[in-house]
Each structure stands twice: as C-alpha cells, then as structure tokens.
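Same chain, two partners: chain A is paired with chain B first, then with chain C.
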Partner chain A sequence: MQRMTDNMRKRAGELMAEGKADRFLGWEKGSFWWQSPPVEIKEASEADRLIWDLFCTANLAKYLQQMQSLEGKTGVFVKGCDARGVNRLVRDGVVDRDKVYLVGVPCPGMIDPDKVRKLVGDGDVTITQLEDGLSLKGPLGERKVTLDEVALDKCLLCRHPEPVGCDEVLEGTARAPFTGDPYAEVRELEELDSDERYDYWAEELSRCIRCYACRNVCPACNCIKCVFDMDRPNWLDGATNLSNNQVYQLIRFMHVAGRCIDCGECERACPMGIPLRKLAAKVDKDVSELFGPFEAGLDPEEKLPLGTFDPNDPDSFE
Partner chain B sequence: MKAIAKTALPDLFAALQGRVYVPVRDGKGFSFGLWEGQPWPDDYQNAIVPPKHILFPQTEDLYTFRMEGEDMAIDPVAVPEETSFIFGLRPCDCRAIELLDLVFREGPFVDAAYNKRRENTFLMVLGCKEGVPTCFCTSFGLEPAFAPGADWNMWDLGEVLVVEPGTDKGKELLDSLGLFREATDEEKSQVEKLREEAKGTITLHAPTEGITELLQANFDHPLWDEISRKCLECGACTYLCPTCHCYDMQSSSVLGQGRRFRCWDSCMYCNYTLMAGGHNPRPSKRERVRNRFLHKLQYFPENQGEFGCVGCGRCLINCPVCMDITRFMAQAKEVMAK
Partner chain C sequence: MSSVNADWKPLIVGFCCNWCSYAGADLAGIGRMSYPATIRIIRVPCSGRVNPHFVIRAFQKGADGVLVAGCHPGDCHYSTGNFYTRRRYLLMQRLLEYMGIEPARFQVRWISAAEGAKFAQVVTQMTEEIQALGPNKKLRGGCTCNE
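This part shows the complex of A and B:
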C-alpha cells in the first residue's frame, strides 16, 4: 500500500511537471480510519496529499464531468470500476477522452468498514497488511483476517478489478476477478412469485428518503438536467411515498440499462441500506438475455445494446 | 428519580396512551418507528434518520381541493390530535428539536401543524453511555447523557432504566404510571457516574469559538470554491440532519381533484430557491454548499441565537465523499483568519 502511495505521488508529480496533466484526481486520508475521500490535486507540490489504501472506494469518474469546462487535461487514478466509469462518460459523450489522462491502479478490493467494526469495534482502529491477509486492531481486540472476509460485497463480485483503457497502469496486483454467477442474488428474487417480489421491493423502497445519493454518485447518471429535477413539466413531485419512490428508482435503473458498470456506488452511497445493486443486476441480466452478453464500460467505443441499431437484432420485432 | 426493569419496558409501552415511537431495526441500522410489541434493542446506538420526521413529516398534506361544477372546494387537512411518545431519542436529537421549536414555534410565525404535534409529544431521552467516533455534541455545549429540554431523561444501567422527569408534563406522566419504583441511592450515584464518564467519550472536536464572526467576514472566500468541488450535491447530509428544516410546497392533481402538500427540500438540490422566471440566488454548487454550512454556523446564530448544529455526526457518517463539518470549521479557522 505504502509503495503504491509513493508511486502515485511520484507519478502525479511527474505528469503534472511534464505538462501531461494540469491537475490530478485521487484519494486522500479523511478524518477517520475508514475514510479515504476524493481529492483534487492542483499543483505538483500537493501530490503528497494522495494516498492509496483499502478505503479508496469512491468512484472518481463522476468528477470528470465538472472538470470538462476547465482548460487542459485532468489526470485521474482509476481502479477497475473508476476506469469503466470514465469509459462510460466518454461513450456517452459527456467527457472528452483527450482531456483526460488515466493512470490505472490494479485494485485488490476495498474494505467494508461495517465488517471491520463488527470484528474489532470502532474508534482507534488500525489495519496492517500482512503477507497473507490483514491484521485488524481495535477496541474489541486484534483479529487476523483475509481481505475477502472484510471486503465490500461489491468488490467480492467484481469482474474487472484490473483497470481497462488507461494511458498507463501502475505496477501492482489486482484481486482475482469474480468468475461465478453475477446474477445469483437476482435469480433468488426471481424465484419468488410476483406478490412476494412486490412486497420485498415495497418494503425496501419505502425506506428511500430520495436524497438522490445513488443517482449523484452514478457514472451512468450523467444527464445535464435529470428528469427528476425538472419542474416544468414536473414529472415526479417531491412527495416521498412508496409510489413516487418506486417511480424514481425503477425509471433510474431502466435509464441506466445497458450502461450500468456495476461499480456498486449507488448501494454504498445509500444511507438507508437499500440493496440497489440487485435492481441494477436485474436490469443488467435482462439486457444481456435480450441483446446478447454485454458488459458496459469496457471500451469507450462500445456499441450500446439499447443505443445501437442493428439489422441482426436478436429481437425479431414480431 | 425512578426506576423500571428493562424487561418491563413492553408493559410501559403498552401503558402509554398514544403512538409510541421506539428505535426499530431498519435497513442497515435503526430508525424511529411505532412500537409493535418488539423487545428493546440492546445494540441501539442512534437512529440513521433522526426523529424530526415525527414532528415535521417528510411529506405532509396541507389541504385538498376538488372541482365542484364551476367552483372549487377546499378542505383543510387536520393534524391528528393523538399523543406521541418518542422513546429513546438521544440528547443531540432532543436539542435539535428544541432548535426546530425556535424556528417553528417561537419565531414571528407559529407553524400550526408542527406546534400541535409538538404540544402532544413527549421527548423521552436516553442518555449516551459513550459516543461513537463521529460524535461531537460537546463542542456545541451538549452533555451526551443529559438533555435539559427532555420530558424524561433516562439512563440505561444494564438491568434497569432510571428515569428523571425534566418538565411538568413529564413528571405528571411519570407519576401517573404505576410501573416504576423509586431509584435507590446506589442507582442515583451510578447515574451521576455514567453522566460524568460519558463526557470523556466524545473525542471529536469542532472549533466553534469565533466561527460565526469569521464566516460573516468571509462570504466570498476562495475556500468555498475548494470545498464545494468535492460535493456531489446529494441530499443525504440535509435529509439526515436533525436540525435541517427547509421545505417546499407543491401540489398534485388528477382529474379535477388534488392536494397541496409540503415536503422536505434540500439546499443541495439545484431547484432549491429557484424562483418563478428562472432566477436562482444560489445558482451553483458553491453557493449551495456554502448555504448548508452558513445556515448551521452563521444564519442560525444570527436569527435564533444558537448554533444550528448539535454534533450528532450523521452528515459525517453518511456523506458518500466524506464531507466533514468539523474539518471544514478547522480549515476555515486556519485559512479564513489569515
């Protein structure tokens, strides 16, 4: 981790000095052990703020939208999911690839702080990397675990921990890609009858407070003006109730169909613990079944299943 | 001071005449919901969503309307008269309700719906034995295990809950319930000890001294540009804040009938303070992020004479990109003072 941190600082400084990037996006240490929030480095001399640890979860791709209006290039450190997020934004035409310099960071997977808290408590927590795992120390004691025991669920299911489409990739080891069934949880839900499924989602979505954190972290949600922010016409009013919450969530997930990169940021950002990745996975599964296997964000020139006319479309339109 | 065995809490809840709100396991944590016979959750720390929604619902109908021939009939929506008991809220959230009182009850306008709910609500505060790392209530003058504005202050001593009424209505209620015994001297001294020890468990500090004057003098400081760039403009911080109270008024109608309602609004949203005609005095993220911090640290002190933050830490915990008001305050003191 320390070696990667050193590399990132060095590389960001060099690239900025060489004029290949005018600013850099990465992560810095936050106020608590479980926080490594995004940071924007404006001068090569600030590069020492950058860090790399097992809490660099936030997807940085989203920030490129606000960087577009700035002169010059923005350098970005990207994990597998960040890189796919950038490809997503480039493919959607909201980010100009020529204004971005991508430095890939092979991702070992990120930690779920709640899983650590359950084992060693909160407060004064230190996490040390061992040859074969992690040592967690906290108020409840010391534990030796593998990274997978405390990794975020979304990282355990990650199919592309190695960043794709970068200008350069830093030396490091990514976790092994998940090769199992990505839709196992969806299949479980599909087994329920329609009333049971409705009840399941009604209970989950009734908790939504419509803070829009899921939308605002999403690299596929990149509309200049979101339909839910429009006041004329006011497609969805501000009342928080099950019906409106369902309209919001279902329309959002249908809108990112075939464009969701499965970074899981929606679920991580949701303060209410709604299992949003399951909705995303269901839509993703349907797209793959209807239009052939597809994973979004692997190529900035990819043909989108729902955005491409193909005379050989598997749907016969009959 | 009185005491009750924690195993007798269901009897207490059943004896309370009205809606009894308790911490209910919900999603990844707790929220305040109606008691439906469940046992007291021993692992409850604090609710993800503060109990402000009980007094100030996220969506609240104001009146309904319908066409009757050429005329329109308007029917007000009555606020339920029922008594509510918020059992187990924390001192920070109790203080937050006192701050909402300053806005909705004690300002030049009295909000009828809030006022009626508030009159009919009992705040039964459970003191914190210890804070979590994101708690900073002591920075705003709070005591983690005691709420001066509570109808009841309660302390969890393991097997028993000790209760002390803080208001006349709280005392009347406690005296009317036969389920309690007098607290022993031993229990009383345990409460004193708990209160004292709790203070030392709050380790996060927010530098409040002189912050209002500093912010007043730095409305256009470049720090606002810098800190706002990280914000993703979601409303998690404001909707989970126990003192945020902005709302919008909207209507919806179908086939000649509809309703006028109010719903929470957030200064993080692009439509916040958007006026008819399209002008917005807070046109970008910079102004909106600034508004959130200034409302807590400058406007509230100016208008209500108190800080609008109680140090509950919910915004720190739930921000997807870790915006931290305590860090902002320290940063402001460092760079704005120059």
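This part shows the complex of A and C:
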C-alpha cells in the first residue's frame, strides 16, 4: 500500500511536470478511518496529498464529465471499475479520450466499513496490513482477518480487477478475478413467486428518498439533461412514495441496461442501503442471456446491446 | 383486498403501431369481430416509438394491463424499428417480472394489418388472463379509492 502511494505521488508529480497532465484525480485520506474521498491535484507540489489504501472505493470516472470543459489533459488513477467507467463515458461520447491520461492501479479489492464494524465495533478503528491479511483494532478488540472477509461484495464478484485500456499501469498485484456465477443473488430472488418478489422490492424501495445519489454517481447516467429533472413533459413527479420510487428505479435501470459496468457505486452512494446491485445484476444477466455474452465497458468502441439488433434474436412475443 | 366486484372489467392500454397493428384492429372492426371492450388503443408511428416509460407510466396511472403491438419482425414500415422494440421489451418484460409484476399484465404481440382475427383473439385472451388476476395494485400511484 505504502509503496503504491509513493509510486502514485511520484508518477503524478512527474506527469504533471512533463506536461502530460494538467491536473490529476486520485484519492486522499479523509477525516475518518473509513474514508478516502476523491481529490483533484492542481499543482505537482500537491501530489503528496494522494494516497492508496483499501478505502479508495469512489469511482473517479464520473468526475471526468465535469472536467471536459477545462483546458488541457486530466490525469486519472483508475482501478478496474474506474477504467471501465472511463470506457463507458468515452463510448457514450461524453469524454474525449485524448483529453484524459489514464494511470492504472491493479486493485486488490476494497474494504466494506460495515463488515469491519461488525467485527471490531464502531468507533476508532486501525487497520494494519500484514503479510497474509489484515489486523483490525477497534473498540471490541483486535482481529486478524483476510481481505476477503471484509471486502465489499462487489469486489468479491469483480471480474476485472486489472484496469483495461490505460496509458500506463503501475506495478502491483490485483486480486484474482472472480470466475464463479456472479448472479447467484439474482437467481435466489427469481425463485420466489411474483407477490413475494413484489413485497421484497416494495419493502426495499419504500425506503428510497429519491435523493438521486445513485444517478449522480453512476458513470452510465451521463445525460446532460436527465428525464427525472424535466418538468415538460413531467415524466415523474417529485413526491416520494412507493409508486414513484419503483418507477424511478425501473426506468433508471432500463436506461443503463447494457451499459452498466457494475461498479457498484449506486449501492455505495445510497444513504438508505437499498440493494441496487441486485437490479443492475438482473439486467446484466438478462442482456447476456438474451443477446449473447456481453460485459459493458471493456472496449470504448463496443456495440451497445440495446442500440443494435440481430434479426435472429430470441422472440417469445409470437 | 376486498372481493373483486363481479362487474369489474380490466383496463388495458394498447400501444398499436400505425402500419400494422392499428390497421389490424381496424380490420377486426370492419370484419365485425367481437372482442371485449377493455382495450384503449393509443396509436404510435412504430412500436419502436414506445418508450419503456410509457408502459410503466400506464401502470402507475391505473392500467391493469399493457399491450405493445407492432408489425412482425422483418415487416417494419421503417425496416428495423421493431427489432429494437423486441430487444428492449424482452429485457423489460423480465425486469418487470423481477419487480413482481405478473407476466400476463405486460404483453408484446406482433399483429399485421391482415390479422384482424388475431387482434381480437389477443385482446380476448389478455382480458381473460387479467380478469383472473384482478385489478392491478402494483406500481399504482395516487388515489386508489375507486376500486
């Protein structure tokens, strides 16, 4: 971790001095142990603010959308999911690849603070890296765990921890890509009958406060004017009730269908803890089942499943 | 839920493409075929015009079922419109089902301008299926007191 941090600071400084990047996006240490929020480095001398630890969860790709209007190049550190986020934005024509310099960081997987809290309690927690795992120290005592025991669910299911399509990749080891069935949770829900599924989602979505954090953080939700912000036509009124919340999520996932890169940012940003990745995974699974194996964000020139067709597509409509 | 009124008839919103299904519905009328008066047809230029939002909005505003009808794949007036429709609604049908909406409530059918009888049969069948399910309460917004 420390070696990677040093490497990042050095590379960011060098690239800015060489003029290959006019600013850099990375992560810095936040106020709490479980925070490593994004930071924009404007001068080479500020590069020391950068860090790399197991909380650099935030996907930096989305910030590039706002940076497009700035002059010069933006350098970004990207994990596997960030790199696919950048591909998403490039494919959607939102980000000009020539205005971006990507430095890949092989990702070991990130920590889920809630899992740590469950093990060692809420409060001041110190996490030290050992040779063969992590040592957690908190109010409830000390525990030795492996990273996988406290990693985010999305990281455990990650199929591309190694960043794709970067200008350069820093030296390091990524976690082993997940090779099992990424849709186990979806299948579990599919087993239920209609009413049970309805009740499950009604309970989850009734918590939604429609803060739109999931949309704002999503690299696939990059429309300049979102349908949910329109008042003419008023596609969806602002009242926060179950019906509106269901409509919102259904439409949002139809809009990102075949474009979602499964970075899990919607679920992380959700203040109400709604399992949004279960919806994303469902759409992802169906796209692959219906229209052939497909993973979004691997290629900045990919054909989008819903933007194309095959005359021989399955047809259950008669 | 109180027992369903015996006189209750479902309300189905049908999006019919101008070139095939709308003409198919017209043919059903010209041929004096009878089918339940449960469907309210909205004419669209192509089934590809039907935004998923229209369908979900119809459910929200009180539809008990939604039918999207278009030309048979390969026969689209605009060549390829319904191929996109097919992909879009294959996906959305599954997503609605996943959210707990009964599959019978949302259907897509290919009905050509010559298939008046098929149109009548589709509406009859859909009405029967939804009649059995009862009024739709899922996704419903606003006042539901008139049920």
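We take it that the second predicted complex is superposed on the first by the 308 of 318 C-alpha atoms of A that agree within 3 Å, B and C clash if a C-alpha of one lies under 4 Å from a C-alpha of the other, contacts with A are read in each partner's own complex, and residues count from 1 in each chain.
We take it that a contact is a pair of C-beta atoms (placed from the backbone, for glycine too) under 8 Å apart; a residue touches a chain by one contact, two chains touch by 3 or more.
From a predicted model like this one, the values you see are computed outputs, not experimental measurements.
Within the superposed three-chain model, A:Asp122 lies in touch with chain B and out of touch with chain C [touch as defined at top]. When the shared chain is aligned, chain B and chain C each come close enough to touch A:Asn241.
Judged by the touch definition given at the top, the superposed model places A:Leu70 against neither chain B nor chain C.
Looking at the shared chain after the overlay, A:Glu190 reaches chain C, while chain B stays out of its contact range. In the superposed pair of complexes, A:Val287 makes contact with chain C only, with no contact to chain B.
Applying the stated contact rule after C-alpha superposition, one finds that A:Arg207 touches chain B and leaves chain C untouched. With both structures placed on the common chain, the touch criterion links A:Pro271 to chain B but leaves chain C unconnected. With both structures placed on the common chain, the touch criterion links A:Pro37 to chain B but leaves chain C unconnected.
Chain A residues 241 lie at the interface with chain B in one structure and with chain C in the other.
Those residues of chain C that touch chain A in the complex are listed here as 52-53, 56-57, 60, 73-74, 80, 83-84, 86-92, 94-102, 107-110, 138-142. Within the complex formed with chain A, the chain B residues making contact are 26-29, 31, 48-49, 58-59, 132-134, 203-204, 229-230, 232-236, 238-240, 248, 250, 252, 261, 263-266, 269-271, 274, 316, 318, 320-324, 326-327. Against chain C, the residues of chain A that register as touching in their complex are 186, 189-190, 194-202, 227, 235, 241, 243-244, 246-247, 250-251, 253-254, 257, 279, 282-283, 286-287, 290-291, 305-306, 309-311, 313-318.
Listing the residues of chain A that touch chain B in their complex gives 30-32, 35, 37-40, 58, 62-63, 66, 114, 122-123, 207, 209-213, 215-217, 229, 231, 234, 237-241, 265, 268-269, 271-274.
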